[in-house]
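Structure record follows, encoded as structure tokens.
Chain naming follows the written order as A, B, C and D, and within any one chain the residues start at number 1.
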Amino acid sequence: MNYQEILNEIYRQIKSRPNEGELPGYIPELALVNPDKFGISLQFLTGATYEVGDAHEPFSIQSIAKVFAFSMAISMVGKKIFERVGVEPSGNAFNSLVQLEYEKGIPRNPFINAGAIVVADILISNASNPAQELINFISKVANKKIQYNENVFQSEKKTGFRNAALANLLKSYGNLENEVDVVLDLYFRMCSISMSCNELASAFKYLCNGGINPHCNQQLLSLSQTKRLNALMQSCGFYDEAGQFTYKVGLPGKSGVGGGIIALYPGKFTIAVWSPKLNPKGNSLRGMKALEQFTTDSQLSIF
Amino acid sequence: MNYQEILNEIYRQIKSRPNEGELPGYIPELALVNPDKFGISLQFLTGATYEVGDAHEPFSIQSIAKVFAFSMAISMVGKKIFERVGVEPSGNAFNSLVQLEYEKGIPRNPFINAGAIVVADILISNASNPAQELINFISKVANKKIQYNENVFQSEKKTGFRNAALANLLKSYGNLENEVDVVLDLYFRMCSISMSCNELASAFKYLCNGGINPHCNQQLLSLSQTKRLNALMQSCGFYDEAGQFTYKVGLPGKSGVGGGIIALYPGKFTIAVWSPKLNPKGNSLRGMKALEQFTTDSQLSIF
Amino acid sequence: MNYQEILNEIYRQIKSRPNEGELPGYIPELALVNPDKFGISLQFLTGATYEVGDAHEPFSIQSIAKVFAFSMAISMVGKKIFERVGVEPSGNAFNSLVQLEYEKGIPRNPFINAGAIVVADILISNASNPAQELINFISKVANKKIQYNENVFQSEKKTGFRNAALANLLKSYGNLENEVDVVLDLYFRMCSISMSCNELASAFKYLCNGGINPHCNQQLLSLSQTKRLNALMQSCGFYDEAGQFTYKVGLPGKSGVGGGIIALYPGKFTIAVWSPKLNPKGNSLRGMKALEQFTTDSQLSIF
Amino acid sequence: MNYQEILNEIYRQIKSRPNEGELPGYIPELALVNPDKFGISLQFLTGATYEVGDAHEPFSIQSIAKVFAFSMAISMVGKKIFERVGVEPSGNAFNSLVQLEYEKGIPRNPFINAGAIVVADILISNASNPAQELINFISKVANKKIQYNENVFQSEKKTGFRNAALANLLKSYGNLENEVDVVLDLYFRMCSISMSCNELASAFKYLCNGGINPHCNQQLLSLSQTKRLNALMQSCGFYDEAGQFTYKVGLPGKSGVGGGIIALYPGKFTIAVWSPKLNPKGNSLRGMKALEQFTTDSQLSIF
């Protein structure tokens, strides 16, 4: 199959249509991005790589970083993590307090904001310099030095009242071990990482490769942990649109409000897409379309 | 009617039964109170006063102070207050975030925590020294110097994560004008006032008297504002037990988790009860019983 | 005070403004009513009566009949009724299933649809001919032969899927003793009664008069039951607008989607208003305004 | 890999532990089943079949039949089906009315009860003899005559008040074209089918085989429809435990309250398990464990 041609055709078609959706107004720094950016990077475990558009331009990966943080946390504390966070799709917006209250402070899964705040708390309790260790982990899997973006971090911190509400609610239920402000600091930092499609697709290869970082052959997660993390992305990677993504794309993946989406076919390939404008559920509108088109044309969904 | 005898009999009966209910564990300072305290103060506008038990011992009036704060706020900004807070009973626990999220940051009424936090924000925006002016107002209606309790204030502040969650959520919806920490500080202070039954019954006479403080004949609220504030206590004064209180007692009133309850019959009398142990809804268990017995025996409900 | 002049002025003012609101589309029979009808009947226990507009024209009283049905049920089974229905305001739309499911089949109060369906079930279990006995009770308190409207009954029955959903849900929780269809039949009949403002104000005098039907001096409810029923109307008579009505009008009362509202001042008077167009909460828009104006002008709220 | 040995070992281990969980009390007919039954049938597309325990004993497949009904419906009306039912996991119990009300009568997905009732309505509108055509479809994919169980059907019909509530609520939102009773009749019939593990695993091969019935080479669904139906089972096949099943088992599947579970690996195999006792979420307790063990031991999850 000619993957480069498939990507080119997807790029051509999507660029020819109006660029619908909205930039996320509530994070000032993200509203400044050029909305017409659009890139794809498809990387097979074999090494074959196919790219189109702005695949090498860095953008704010936002919630996609939750997958890296969760990988570290589960490698630190193992199954015990599930005493503090669930594995069910939320069926609600990513930053909903409602569900957290009904369920007594146990977030539905580690990829909604409340769950990722708990993950940040676990990293703080188990690492001597959590912010540094997280960015080191990401640099290792990306095989390249990755950095926090200070502007995005400050922007999130200044306007993150809803996340502060979630963190305080978690604390009131006894599901944070550390100080609210310390946990929020790491959480906002986690959301402020910049990477390109090329870097993202490269960095997710360890999850495509049974837990082994292909850049250095280090086993980061066990095969079983890896399969389960992929399953979790399938169930919970797209907030209350996880069902749509599973239905239309048929790959495990994770999105961020910066307009990025990563998806992967276990044992075969990773694919990263970036287009900043979001649909009403907070997922990249053209990114969702591009991936649906890709698995339809290539027949490479896992189902 | 022999009111003293009615009070004596209520006191005797209730004291003869086991002292059920729980002290509120989540505010450490309140858990230290002697659970057997029990007092009633009944004060007619005519001046006649009937009391029994620990009617002159101060306790933490907690949420009862929300009525004083709301009185000040409505006298400052008038009807405009209802652009930021509603007048409907909540049907939920007093500190629920769920409802606040469903209703986009407009608290159901000024007597649930979220609503009182908005009231605190209004006081801060409209007073040069809000904490001082609030305690001055209360001292004026009580005709006696009333004070904040520093220990209770610190205790609430240290453990008030749920209220911090509410305040941050309000801020995220744009329904707080001032800094979250500043608003919470006044809110926690507001909840830390100590008064006795005797002082409370005296201090609520302005609401019994068409808005005129009987101690100095000053008109604090208009007749219409007063009637509406009383109506609001009827609908919303007892969290998700407002219907029970209306049904069984039939007077407008307000409770606090310190075990105090104030109620009043417009134009006739005020009555304050204190007993620290709470029912599962957070209202004084023996206080509710005492007031039900009182209006049944005296036939003095407003219905 | 010149009550006739107050009513005339209210009538004049309201008639001079545009007739806003909507007829209830979901009950075909009610959508056919002339939307400009407007009448008031004010009746003191002393016998003095003041009326204006279409006060003698019958209309569908709809949910107002729930008060009569509840009166009969509580006189039949006493306090035991509260094992099957609560006394708290619902905080939700009158026909919400959500709350009923959260609360395991115990309706919040007897005036939301689910609660009135339970009341209908109680009447069926305790009367040999419940439909006949209900209309007899209403005729007795109205001092006049009142009748079911067959067209409205058929109209409700044909389109009442939501009430059928409520009844089936109640049955699934074991909170209906009789067959679903039999209970729904009585419920729809109960909602199909036609009365004029004049008849309604007359019929509610027993609740204004301590439980004694003034037309024949029969004690229908005890004083305590009467006070509590009035309190229940205060808390729960206007669905999720009960707080607004309490706040603005300050009288216990009950509304129906036919555009009627009844309110009363215990020991003093009853007042019935009718105007068919409804506000978004399902209460008569001009009726609410008229009553607010009346208690403001006359200062006759109970608070 | 020696699959027979893996199955034998799973059977041995699970049989050696206490048989926990509960029979479903609310369907009388299902409460009569022998709770110790336990069988597995694993069938590869190649024809290789491995079985253990009661794999040939028929049981009530209940909700598993919803997959057959949905297959027929989507082959009849195509994508238009998604105007009336969604593809998102429900995050709530399978028979919840709450969600249906919040989402205005559009069920979250076709595998919760409300969604399957809509699917039944579609079959009625598009088939001349829907009950007969459904059982014919199932017999065709099972390559064997399958039948409705009249006792189970009557049992469900007599006690199905909650499903009657759902159907009436759907009707009130205009999301049923046919009479409530007619739709419920087909729905209850759909839930009353008996099959063995052997028959189930055989009947689901068309979904494992790209939509082609391997027994007769007929294309029943397109490849794309098949992939999407499998994705839908992954997201929504286990009610509010779909995330757990995805996480622990990692295969698309569907459970029924009769204690059956079907799962499949696209292009490779189908596997059916039966054990009547359910966990609190309504899924077969030993069935979930057996499948988790199977994909762990065989490493045959799709992730």
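The rule is short, and it goes like this: a contact is a pair of C-beta atoms (placed from the backbone, for glycine too) under 8 Å apart; a residue touches a chain by one contact, two chains touch by 3 or more.
Just so it is clear, the structure is predicted and the values come from calculations on it, not from any experiment.
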item: Chain labels contacting chain C and also chain D; value: none
item: Geometric centre distance via CA averages, chain C-chain A, whole Å; value: 54
item: Distance from chain B to chain A - Cα centre to Cα centre, in angstrom; value: 47
item: Whole-Å gap between the CA centroids of chain B and chain C; value: 32
item: Junction residues of chain B - those touching two or more other chains; value: none
item: Chains touching one another, given as label pairs in label order; value: A-B, A-D, B-C, C-D
item: Complex contacts: residues of chain D adjacent to chain A; value: 86-92, 99, 108-109, 223-224, 226-228, 230-232, 234-236, 240-244, 246-248, 250, 252, 266, 296, 299, 301-303
item: Footprint of chain A on chain B - complex, ascending; value: 96-98, 101-102, 161-162, 164-166, 168-169, 171-172, 180
